């Protein structure tokens, strides 16, 4: 960590600051500049709060050199993590996970039918929302427990492991029992109590990036889960919020090489929520595979026009099957399979 | 709601769509254009999901004319709402609420001392965090229940009603019992389960705007609480996330006149979190009062350099007292008191 | 265009507004709602200024249904435009253009050497900056005319048509004479005088999207050039500005399918400026090809560490050759060549 | 400047880098950390290109400690700059400049009439656009030279110095002759050729912040003008682009205290363009004065509904007069006059 102090800081103040660092077990080197003096702190700075140092009226800037995360850091865990989700392994050189299904579970028969359709089209996992985060209190909020149990039946019928979004700690037991990969939605990426609760389980977690969260904050949220003891974390990019109006969000595919450089965790891409428009899903999916994604989570509905939610971004099973075929050929170019 | 359809849509498709609107109890008017046909829907469109309509491959755009919120809408509630928070009334032409205190409660003695200091400086309510949302799992997470009880003691000692942030439903009972104004933090603005739980109480709620949420989404989150039956909602702007790096967030003061035009709810400004820098707090506070804010929530700590969190944005009691004096004179110019 | 008026607008005001639309040659349909009345305007609304209509104190919202651009609109020009740039044809089903070269021209010998190297590696056009837009007045500003003449020599030596950025009208003649594809940089996307001047030539223009410009504004800037009479416009995405700090900009690949849907113009991707980091260039390039880009413009330098500018985002010729090979195989999957 | 290098960098590489810094006349201190080594560079780093250093594959991060600007930096020019604009002095403890007038000059009679009206209402300078940057090529583009000459007549009639926007170097002579304060619009903030040309004059320049430019980039653009020899620069904030849709832009008033801390230049606020809505202009103007602005530039039109452009954000002279009265009383609270 690097701290620059304005010239003219009284020597007593400087000494006090240096002492406070040394008390944290850090060693301190000083560089005397023309307009600034600079301290370099060496040691484990993970627990140092840089905003707190900036309080000092003589401090000008505080810069972190080493990353604030440990558990997710590839520096300390060079090999890729591979996460087993009900038999489907995600990450490393494993097959690219193809997660598909409707936005919302709409009942037993529809989800079983959709599960069969996406499996036939090439999916390896089934997604479906039972608890839905909706902007409006007047919109459909999901079938709840009934939806989870419907997913379990769909899994029995097809063998596809299931992914669903957890919105509140009170439903955690249900998810641990029934769901193979627990999704934390973008809006809950910094619901720290939820992250801590997940950290105490050993269930795989699909951690979506928040709408306006930096990659570093996202990795820190993964760190919350891992610091609690659960190392089964998969990251998921689903678009960030920008000023652009032609897409719902802006899909940031550069996260793929960056996540692979900075961490050892798998990265999955969600082109459906990112774009909000089924017409953009195929091209963004192929792009994600070309860029090295470890999985794709895509909304598929047998009849998007009748979907209870998010129909605008849902593919039909036929479209999805066609996408899978092309994605498979793209994957081959970069020596991956799907 | 206005729907534009591409020319060339088969008449049968158009009829089907019109029928579906009529089944929702809406009446439909059609405008035949050169390149587009347009439908206007009249009636209660609050429950219509515009993204769902956009699924139709012949639909080009869907535009909402009337607001998606009802309970917060000034159109249906022309007079200002005034919320009673443990005796301090916020909103309308009431005195501008001056909420002050440390970021985190740091123990009984410190919080009582600070409460006395901010009261002496002109504060009318006391803030203090007992549960802290921290980006890093390694940072101080708050004193929890102990912190809440310390706040209660500080209230006894000074008479100041207390404000504190609720992060999880499991602590709701404690907050309903002890806290006068329950804060929902920016990161939980769309934690819909938490909003629903608050909607079932009748405690005043201070709803912070999310880091990257539009005003409309913010009002929809207020609608969640009010739709549940709790009409005691106060909105709080605390800065939004932009590309700018010299401030932590960008304080959006234009929310003040907009909230007053579109809703009947009070609006409070938090310049401390918005800027992240105590040197900017006074000017942004005076600006907020000049723009018509109904309250200010400001971090004050007897010794910012020793604060356990957010010291960089905390004022000393002396600074705060000076700010209060100027704010009082600004308020007088726009016929408000403080 | 759809205009909603608040209930309670005096009939006289409504009549006045309707008359003003009719005077513009538009026909008007009215929808009477519960809380709003809505007007639909039919006819050529390209010249109607929606912000001007919003002045009327009784007007609540103004929404454009048809696009504000004509010349770039695929609706009126269904077939793909193919632009001939010194013999290299870009757009439609033509080969994907591979534009490569250094950020800045650094002298005759270096640019000729680089041109040969990128040609050998698979490039079909040569890029190089002679006039450089630099944030700091103290940074290298480019060789100017000398740089342009050096590019001409490199073209003679290799046959590669050349691309370079024009920053001021006073250099336009030089560019028209020597350059095959004139680049308008992100910072000049809304330098309307420059766009108008380019509209009077018939030289191909590579129009980069501004750092924080919506796609619609970008298309309007293309419209400026085309409205002047020059139909040879190629769009170029180079990343937009967001809150993210791990990349210089956020590459928005969703522009590819959207540009193809809304316009008939070719779209080229610049992964070098978007990411600012050569380590991200290959994966983003492959993603762009998979998503359907008509060309890639990539910074290549024989020795990035010695580059006079932007070395951090430059590939070596060896890296570039390897990228080209993979991109060729990706292109084949979507039935394109390169 | 602080450079961190990954552990494992060969000593030879480190030596080479250190030598290259020393050749630039900088002295180098090294801090040996656990996972990184850090170099501190002391000396004039204004001319060092940090992105260039980052090219080195062993370099992890490069951080600038001292600001990249010199001429605008308060560190080297502690007293406030006061700029004389045709007799009106802006900056320091001078009266707050009240610049008002229509978006576009619409002819001789209208501008003279408006000039008289805004003067009567309290304005001290007259604004009016003769060259208009419009998103659409089909929108009104301004009266050009005729508009400038009309402004000159309005100045004769009222004594108010005039402000107008320069869009192209070819009109610079006209502006130097006739205009008292030359505005550089947001879209031209990084039109570096224009900035350089202005740097060679000694006319006061009102430099608007770009739509999505950081404060640092804005100050660097001011540095361009000053480095050329023209020290008469006034900064103007006019809103930045964010995701919010209820306002055209987000007015960032925190620039006021920051500009005053980091530079010695005056800061003017434009609430009209920032909000795009006249209903928000008064509250934002009062807020700007309370925050310490050195001037306000506000659009005023005798009949906003008939304005040729930007009527939606224009005040009537009556509204403006009322705003001026309140602003005067706000100014008094912070010991300023207006």
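First chain written, first letter: the chains are A, B, C and D, and each begins at residue 1.
Everything below uses one rule, namely that contacts are C-beta pairs under 8 Å (C-beta built on N, C-alpha and C of every residue); 3 or more make two chains touch, one makes a residue touch a chain.
In this text the structure is predicted, and so the values were computed from the model without any measurement.
Colleague: A-D or A-C: which has the larger count of contacting C-beta pairs?
Modeller: Looking at contacts between chains, A-C has the larger number.
Colleague: For the interface formed by A-B, which of the candidate pairs C-D, B-C or B-D is equivalent, sharing more than half of the contact pairs by residue number?
Modeller: The chain pair with the recurring interface is C-D.
Colleague: Using Cα averages as centroids, what's the distance between subunit A and subunit C in whole Å?
Modeller: 31
Colleague: Measuring from the mean C-alpha position of subunit A to the mean C-alpha position of subunit D, what distance in angstrom results?
Modeller: Centre-to-centre distance between subunit A and subunit D: 39 Å.
Colleague: Note the residues in subunit B that touch 2 or more other chains, in rising order.
Modeller: Within subunit B, the residues that touch at least two other chains are 212, 241-243.
Colleague: Spell out the part of subunit C that touches subunit D in their complex, as residue ranges.
Modeller: Where subunit C meets subunit D, its residues are 46-47, 49, 51-52, 54-56, 68, 133-141, 167-170, 187-188, 190-194, 196, 211-212, 217, 220, 223-224, 227-228, 241, 276, 304-305, 307, 309-312, 314.
Colleague: Which part of subunit C faces subunit A closely enough to touch in the complex?
Modeller: On the subunit C side, the touching residues are 212, 214-216, 240, 242-247, 250-254, 256-258, 261, 274-275, 279-280, 283-284, 286-292, 326, 329-330, 333-334.
Colleague: Using the touch rule from the top, collect the residues of subunit D that touch subunit A in their complex.
Modeller: By the definition above, subunit D touches subunit A via 2, 4, 29, 31-36, 38, 40, 42-43, 60-61, 63, 65-66, 75, 212, 241-243.
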